[in-house]
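So, here's a batch of structures to check.
Next come two complexes, and both contain chain A; in the first it sits with chain B, in the second with chain C.
This part shows the complex of A and B:
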C-alpha cells in the first residue's frame, strides 16, 4: 500500500507542473496583506479573500490539478497498466492515491488559509479555516479522482463543475447550495472557528451529513470504476 | 566498394509536378483547419461535446433574451452587455479550445514538421490565434445576432431596425475585443503547457484568480485605486473599456472614472504583449 502512495507522491511532486500550484497560495496571502495594512475592517475583505479567492477558486483548482493528476495522468499516458497488472486489489490502488491527493491539496490550502485567517482575526479563525479547507480538500479530491475514472476528459468536466455549479449556481441560486461542496466547507469552517466573519449558508448538520455522503459515495464510485476498468488504446 | 558511402536510390516513387503553394496558402490552410478544431469538426464525437455545450448555452441565452424582447418589449440584455454577462462561458470556451489548438501539437511533437514548410513561427502563432478569435466571435456574435433577429421583428419602422442593426454591429465589435483579449491570453498560456488538461486548468485559474483581487482593491479607501482596480482582471478590464465607450455617464457601481482611455490603452498593450510573447515562444521552438 505504501509503495503506491510513494510512487504517486513522487510522480506528483517530481514534475515541473507541480510549480503551477504555488502561485495561488502566494497570491492569496499577498492579496490579504494589502487591505490588512491599509487599516480596512476585516469584515469588508474576508468575503473576497477567504470565500471568493480561497473557497471558490484556490481550493477547487488545486484539488482539480492534484486530484486528476494522481490517477488521470496515468490513465492518459497508459502507464496505469503497470500498476493494474500487479497483484493488488483495486481499492488498494485507489485509496492510497486518494490519500496522497488529499494530503497534498490540504497542505497546499492549509498554509494560506491559516495565514489569512490569522491576519483577519487571529489564530482561532486560522485553525477554523484549516478545518474547513481540509474538509473541502477531502471532498473535492474524492470527486475529482472519481471523475478521472468516469471520463476521459476529467479536467474539462471538473472545470465545468467548478465554474458553473460551484461558482455561478451556488452563489446565485439558493436551492443548489444544499448540494455544494464549497458551502459545506464554509459552514464547517464557520462552526469550527465560531467567528462572526464567516457565515455558512447551510445548516451544520446538513453540511456534515452531506460531506460524509459525498465522500463515501464518490470513493465507492471510484473503486467500482477501477474494478471494471479496461485498458483501451483509444485516441480522440 | 568503389561507390560513395551515401547514395539516394530512385526507387520509383511518383514525382509531384503540380504547383507548390506558398506561405500564404499554408497560413490559410492552417487557419481553416484550426477553426474546425475549435468546434471539433472532423473529429470524434467526444471532441465536439464541450465546444457545442458552450454553443448551446449561448444559443439558449440568445433565444430567451429574444423571446422576452418580442413578448414584453423589455430589453433585459443590451448587445454590449451580452459578452460581459456571459464572460464565465467565454473563459470556459477559451479553456476548452486553446489547449486543443496548441497543446496538442506540443504533446505529439509535430512542430518541427510544421516548420519544415514555408510556414514561419509567427504565421503558426497568428493562424492559431486568429482561429480562436474567429471561433469566439462566431459563437458569441451569433448569440447577439439571435437577439437582433428578435428585436428586428418586434420594433416598428425601418429606421428603428437600422438603429438596432447599428447597435448590434457595435456589440459584435465589442465581442471581438473580448475575443482578442481572452484568445491571446489563453493561446499564450496553452502554448507553454504540453498537457491539454493542465493547460485548461491554468487558463481558467489565471482568469478566476484575478477576479477577487479586483474585489479586494475596490474596497480600498482611495478612489483612484478603486477606479484602477479593474485593470487587474481581463473581464473587468474589457468591461471597463465598454463602460468608457458605451456608458460615459455611468456613475453607479463599478466605475472607471476618468481612466477610460487608460483602460483602452492597457487592453491594446495586453493584446500586443501576448501576441509578441506568443511569436517569440514559437521562434524558440523553430530554432531548437
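This part shows the complex of A and C:
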C-alpha cells in the first residue's frame, strides 16, 4: 500500500500543476490581512473571506486539482496501466491514492484557514476551521477521485459542480443545502470552534451523517469503477 | 501455460474492432501482425484484462482475465503507449513494479530483471534521459520482474532502430526458449525478420492467417510488385526487361517505366545485372505499391 502512496505523491509533486495550489491560499491570507490591520470589525469580513473564499472556492478548487491529479492524470497519460497490471485488489489502489489526495488538500487548506481564523478571533477559531476544512478535504477529494473514474473530463465536470452546485445553488436555494459539502464543512467548523463569527446552515447531526454517507458512497463508487476500468483507444 | 482466445469479438457502438477471433498461444514467441486499425491492440487489451470482450472468452492458464487482478501474477504487459514515470530511474521504476507485485525480495528481482534486458549499467539514470530502445527495455524489465509465464507486448519495436530491434528480438526469442509464452504485435512485417516462431495475421478485426513465419516471409518476398524505374535509356531497358521471366509487363510513360514484376525478390536481383550488361544507368527505382494494406491483403489472399 505504501508503494502506491509513494509513487502517487512523487507523481503529484513532480507535475507542474502542483504550483496551481499556491495562489489561492496566498490570496486568502492576503485578503484577510488588509481589514485586520485597518481596524475593521472581524464580523464584517470573516463571512466573505472564510465562507465565500475559503469554503466555497479555495477548498473545492485545491481538492479538484489534487483529487483529479492522483488518478485522473495517470489515466490521461497512460501510466495507470503500470499500477493496473499488478495483482492488487482495486481498493488497495484507490484508498492510498485517496489518502494522498486528502493529506495534500487538507495540508494546503489548513495553513490559510488557521491563519485567517487566528487573525479574526484567535487560535480557537483557527483550530475549528482546520477541523472543518479537513472534513471538506475528505469529502471533496473522495468526490473528485471518483469523478476521475466516471468521466474522461473530470476537471471540467468538477468545475461545473463546484461553481454551479456548491457555489450557486447551495447558497441560493435552501433545499440543496442538505446536499452541499461546503455546508457540512462549515457546520462542523462552527461546532468545533463555537465561534459567533460562523453560522452553519444545516444541523450538526445532518452534517455528520451526510459526510459519512458522501465519503463512503463515493469511495465505494470509485472502487467499483476501477474494478471494471477499461483502457481504451491507444492506437491511432 | 497457455493463453486461450475463443470466439472473441469486441465492438464499440457500431464499429467492430475484433471479429470472432479464436487462437491458442503456447510457449514460444508469437507475432501478432496486421496493419494499423486491425484490432491488435484491442485484442491485446482484452488478453491483458484491460477490456471486457463483447462476446467470447479469454483465459490465461484457465483463468478469465477481466476483473481478475490475480491473473497479473502470471502475466506481464508492455503497453504501446510509452507512458513511463520519466522522473524515476530505471532501477526505481522496476523496483516499484517489484514492490507492487509483493515479491519477497524486490531488490534482487529488480537487479535480475535489469540484467536480463542489459540495462544494469544505466539503472541510475532518469528514464527521461534514455533512448527509445533503452526506455522500451526498461519497460520490459518492469513487466518481467515477477517472472511471468505470459508476456504481452504491444508494438515493442515501434520507433526502434534496426540494432535496437535486433536486440529486443533476441531478448524475446531467449524468453520464448525459456518456455514463456510471448506475444508481441507489429504492423511492419520487416520488423519481425529474426522472429523464430508463429505469426498470427489480423486484418480488419479478423484473424486472417496464421502459421510459420518463414512461410509468410516467402509469400511476402515473392509477391507481385509494381516498380517505377527511370534510366538513361528507358526504351532499351524495357526490351531487356521483357526477356525476364520475373517481369509480367512494362509500361513506357513520359516519367519512365512502370514495371509489373511477378516476384519481388528475383526482379530486384535481376535489374542491376541487366542494366550493367546493357550499359544503361538506372537513375531511380521505386516500389510503388508498398502500402501495408496491400501487402497484408495479398498475404490473406495467398
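Please note the rule applied: the second predicted complex is superposed on the first by the 233 of 236 C-alpha atoms of A that agree within 3 Å, B and C clash if a C-alpha of one lies under 4 Å from a C-alpha of the other, contacts with A are read in each partner's own complex, and residues count from 1 in each chain.
One rule holds for everything that comes next: contacts are C-beta pairs under 8 Å (C-beta built on N, C-alpha and C of every residue); 3 or more make two chains touch, one makes a residue touch a chain.
In this text, all values refer to a predicted model and were calculated from it rather than measured experimentally.
Visitor: Record, for the superposition on chain A, whether partners chain B and chain C clash or fit.
Guide: Aligned on chain A, chain C fits beside chain B.
Visitor: Identify the partner contact of A:153: answer first if only chain B is touched, second if only chain C is, both if each is, neither if none is.
Guide: Only chain B; A:153 stays clear of chain C.
Visitor: Touch test for A:10: chain B only (first), chain C only (second), both, or neither?
Guide: The second partner, chain C, only.
Visitor: Considering only touches as defined above, state whether A:68 meets chain B (first), chain C (second), both or neither.
Guide: first
Visitor: Kindly classify A:230 by the partners it touches after superposition: chain B alone (first), chain C alone (second), both, or neither?
Guide: Second partner only.
Visitor: Thinking of the overlay built on chain A, is A:106 touched by chain B (first), by chain C (second), by both, or by neither?
Guide: Neither chain B nor chain C is touched by A:106.
Visitor: For A:163 in the superposed arrangement: first (chain B), second (chain C), both or neither?
Guide: The first partner, chain B, only.
Visitor: Of the two partners chain B and chain C, indicate the one touching more residues belonging to chain A.
Guide: Counted on chain A, the partner with more touching residues turns out to be B.
Visitor: Which partner does A:88 reach: the first (chain B), the second (chain C), both, or neither?
Guide: A:88: touches chain C, not chain B.
Visitor: What's the minimum Cα gap, in whole angstrom, linking chain B and chain C in the superposed view?
Guide: 6
Visitor: Name the residues of chain A shared by its contacts with chain B and its contacts with chain C.
Guide: 236
Visitor: In their complex, what parts of chain A are in touch with chain B?
Guide: Residues of chain A touching chain B: 17, 20, 23-24, 27, 31-32, 34-35, 38, 40, 44-45, 47-49, 52-53, 56-58, 61, 64-65, 68, 72-73, 76, 152-156, 159-160, 162-164, 167-168, 236.
Visitor: Using the touch definition from the top, list the residues of chain B that touch chain A in their complex.
Guide: Result: residues 43-44, 46-47, 50, 53, 88, 91-92, 95-96, 193, 195-198, 200-202, 204-205, 208-209, 211-213, 215-217, 219-221 of chain B touch chain A.
Visitor: Can you name the residues of chain A that touch chain C in the complex?
Guide: Listed in rising order, the residues of chain A that touch chain C are 3-4, 6-7, 10-11, 14, 77-79, 81-90, 227-232, 234-236.
Visitor: If you look only at chain C, which of its residues touch chain A in the complex?
Guide: 36-37, 40-41, 45, 48, 50-52, 66-67, 69-73, 75-77, 79-81, 83-85, 87-88, 96-97, 99-102, 142-143, 154
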